[in-house]
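The structures considered in this document are given below.
Both of the next two complexes hold chain A, though its partner changes from chain B to chain C.
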Partner chain A sequence: MIRKRGRLRRQLVVLGSAFGATGDLTRGLWRGGGEKRLLVPLAIFLCLTGLLLVLAAGVEALAPFIYSIF
Partner chain B sequence: MKILGLSAHYHDSAAALLVDGLPVAAVQEERLSRRKNDSAFPIQAAEYCLDVAGIEPEQLDAIVFYERPMLKFERILVTALRAFPHSWRSFPHAMKNMLGEKAWMRGIIMSRLGVPGSRIMFTEHHQSHAAAAFLTAPTDRAAILTVDGVGEWATLTAGQGERGPGGTRIAIDRELRFPHSLGMLYSTFTAFLGFEVNEGEYKVMGLAAYGRPTMAAGVRRLIPRTADGAFRLDLDYFEFQRSARRSWSDRFVDLFGPPRNRFEPIDLATPDGQRFADCAASVQAVLEEILVDLARDLHKRTGLADLCLGGGVALNGVANARILAESGFERLFVPSSPGDSGCALGAALYADRIFFGNPDRRLDDHGFLGPEVDETALARIAAEDGLIVDRIDDQNLVEESARDLESGLILGWMEGRCEFGPRALGHRSLLAAPHDVAMRDRLNRDIKYREEFRPFAPVVPIEDADLYFEMPPGGARLARFMSGVFPVRQEWRERLAAVTHVDGSARVQTVDRAFAPRLHDLLRAYGRRTGVPVLLNTSFNLAGEPIVCSAEEGYSTFRRSGADALVVGNVRVRKRAATATTRSEYEEAMA
Partner chain C sequence: MVDCASLLACPACGAGLGESLLCADCGRLWPAPDGIARLRLDIGARTEIVRQFYDSTPFPNYPPNDSLAWLRARAGRSAFARLLDASIAGDARIAEIGCGTGQTSLYLARADRIVVGLDLSRSALALAASAARRYGIDRVRFVEADLSRLPLAEGAFDLVYCSGVLHHTPDPRAAFAGIVGAVRPGGHVVLGLYNLYARLPLRLRRAIARLTGMRWVPFDPVLRDRKAEPARREAWLRDQYLHPEEHSHSVAEVRRWFAENGLEFVSTYPPALLGGEEPDDLFAPAEDHWPPEQWLAQLGWMRSLGHEGGLFVAVARKPGPAV
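After this line comes the complex of A and B, so read on.
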């Protein structure tokens, strides 16, 4: 039986794991060399933006403030 | 060791569970959620798999996701930036789509299943396809070819696999990368012809038989061959790499004319209708040429007798039959689920055999890994509705069902565990007599509600297949999971009119007794009555719905369709008209 967890708790777990995933992406791009290394800052920026989206989906009260940024 | 494989978020999500190297359960999420091609996280499928094994998520040794999301994100990012500024419209959409959820698979699996991140692993998309094709096939050494739209970067891989007491090895030595993709070429034509991508490819293949490859030279311009025997796409003709709006460019339209409006039916009597059929025939012909060339080259390089084919393109039965006939391989294995859903099983197998180095285990050679059907549930709900419910022993059920089919009835046929993969192989099927075109039209009109150019498939005992169909050596094996299209023998085309496509071919399923004993017995009983042990077999679902899974869903579909009787295990339910014992009684009741 899979235990159901609340949305906020689920999103926090995702958030907690996201830094490792961002690190994986950064390492992959860095190892790609050349033009791919230039993408590292953009990739990190996009990932952080993505984390804001994840946070907005988890904490609904935050959503209006986060979406107003865009 | 308990390993859960997952595929999700693009199309057809699924879960598969291995216990000590053997699959104990595998099912697509759509069968449980009842949303066709459901791509959501397969929570219900995972729950079903764990229930079958009687374990909790915490008891899993590993959870394997079928691709590397961050590598995929890298591809999307790099592709969008390379296409800048043309991609400026699609870029935010792609980023939101990816970063909203798909990129964070480790966290999502942790949060949904409650397992620690250290137990979550990732395979590459085409490794999963290769494992699903090779490790489920009854062969110890084989060449492996995987072809689909796109995974992370790879769109096509070739190599070979070996398994045995010394361990398992899958070595991929050639790879083609996005945007150069046979799957994307075919999908572009699918969209151009007004069909839904990832769903309408069957329709393109069916439509191809009505056309002639008059535009094959045009298609070859889109996909020039390279010196090493591979190919590339001429990106001037495509926009999928920079736009989410459409896949083809204006130059594509200059070559093939305006695209089809998907809300207008294809009328083959009109010039436009014929143009669409010719387009389909042309792309199909070029796809076959390239696949045969690639397979032939792989055969030369490996010198092996067997080929395992995986990826969504392996669902193209016409191309598969040509590969078998022309590439030099003696046997061609396509799994019951070669597409992305099958990657759930492939990823779990890859992790078990390659990551953990567990010993090879021979798998059961069938795809019946989904939920079991419950005949008592059918008996209960049908009785509540006042329908005629019979409980019959195996022998009488088979004989009476053969009689019903001979008299022109359409039967819903459910038994055992449901199929893993897109095809109904006799456990969740609609069966009917294959002799009359009127039967095909009735199925299309009253039950399947689908385009008239789409053919129905025959099912035949393996020992009789060669009598009715022109099966090349190895063809019967390819037809085990309905993966090959073969010509119906000229002398039988009239008697098998409902399953013979306009070009004289049929997507045959061969059945041996060990594979599906009752279906085999039914075919034999039907053969004793009519002289032809062949039945029409189509998936038990209505248009736009997934194939039924439980008895309740089978019953609901039965009530909403023109099917006459429903058999679940040893319980049979009939509508009033279906109790007729002669054709005239039947027609009177139907009137």
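After this line comes the complex of A and C, so read on.
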């Protein structure tokens, strides 16, 4: 049985599995010669942006009025 | 007024009480001056200080010209109050331990529910009972009681709600153990406590306020909101900045209390999940209980809960058939 996980853990699993694909992409670009190597910074930038989006989605901005209801 | 006799117990011996407040076992007759039963024994010195504190400034108090419409409008702006009300069955028996001036008890006393509101401060209870009469609510009963010897019948309540109370007791862990018995198997405990991390912004504001001799209390939106209501402003100021007894607690600590008392941890409010969605049932188990995520979420509460003192809610369930 697959245990139900919270959103952060699901996101981390997705991000972790993406590292393999990102590594393959970077390796492919690096081996592809001088022109394709120029795309490596772009791939790294996109990965970092993805990480930032995961973290930003986790920030709770709600002000729920629990103590000062009345 | 609704008959709550079967829900109350003698604080001296724990036996049942009749409507006349006569103990069926030890024969002690408990007084009810001004219609508010006094069901407590002598209290310790530290608790007496807290009692006097709230007797001099009942919390949270009422604004001038309050009404039932005002009470419901105030609750309506709180996602938590709406969720709490929506999650409780229409015929539930509810004990609010530490009801103060009674607003939550009065708000929850709808449909066929029966609510018993208990507090140590008689001044606060007098305001609560007066509001119940003004609003025409008769399914609530207010009782003067002490946490260490609660006058509640064993397993008589579907819900025990205790918010903003235990962190003002000398030993919150022991006080929590004392409230669990009133919940019936399958019932819930809703506990509101200052969070260890979310309380930090207020502690910082309090340090600045003390340095200035309480002349400047910076960045407190609740105080700003109550500028035109001196009594309620004073109640918030004293409760948050001048309280003689205060503790704060982490989610992990509260989960340990639940386990020690045979309760199942259900969830917290706000959810201790990063990016989690707003629940539609307070008593639905949380999606995950991952300690690192709970810790990160509590850091986030400094921002989302810090403006109103850092109080969070933890929900537990007593094992047994569903309510």
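Quick note on the criterion: the second predicted complex is superposed on the first by the 48 of 70 C-alpha atoms of A that agree within 3 Å, B and C clash if a C-alpha of one lies under 4 Å from a C-alpha of the other, contacts with A are read in each partner's own complex, and residues count from 1 in each chain.
FYI, contacts are C-beta pairs under 8 Å (C-beta built on N, C-alpha and C of every residue); 3 or more make two chains touch, one makes a residue touch a chain.
What you see is a predicted model; the values in this text were computed from it and never measured.
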Let me test your reading of the model: by the given contact rule, A:9 touches which partner, first (chain B), second (chain C), both or neither? both
Contacts of A:42 with chain B and chain C, given as first, second, both or neither: first
For chain A, which side has the bigger count of touched residues, chain B or chain C? B
Please indicate which partner A:53 is in contact with in the superposed arrangement: first for chain B, second for chain C, both, or neither. first
Residues on chain A touched by both chain B and chain C 5, 9, 11, 57
Chain B residues touching chain A - in the complex, by the definition given at the top: 43, 46-47, 50-51, 56-57, 69-71, 73-74, 77-78, 81, 95-96, 98-101, 103-108, 110-114, 117
Which positions of chain C touch chain A when the two form their complex? 60, 71, 74-75, 77-81, 103-104, 107, 163-164, 192, 222, 225, 236, 269-270, 273-276, 278, 286-288, 290, 293, 296-297, 300-301, 303-305, 307-309, 311-313
Which of the residues in chain A end up touching chain C in this complex? 4-9, 11, 57-70
Touching residues of chain A toward chain B in the complex: what are they? 1-3, 5, 9-11, 13-18, 20-21, 24-25, 28-29, 32, 36, 39, 42-43, 46-47, 49-51, 53-54, 57
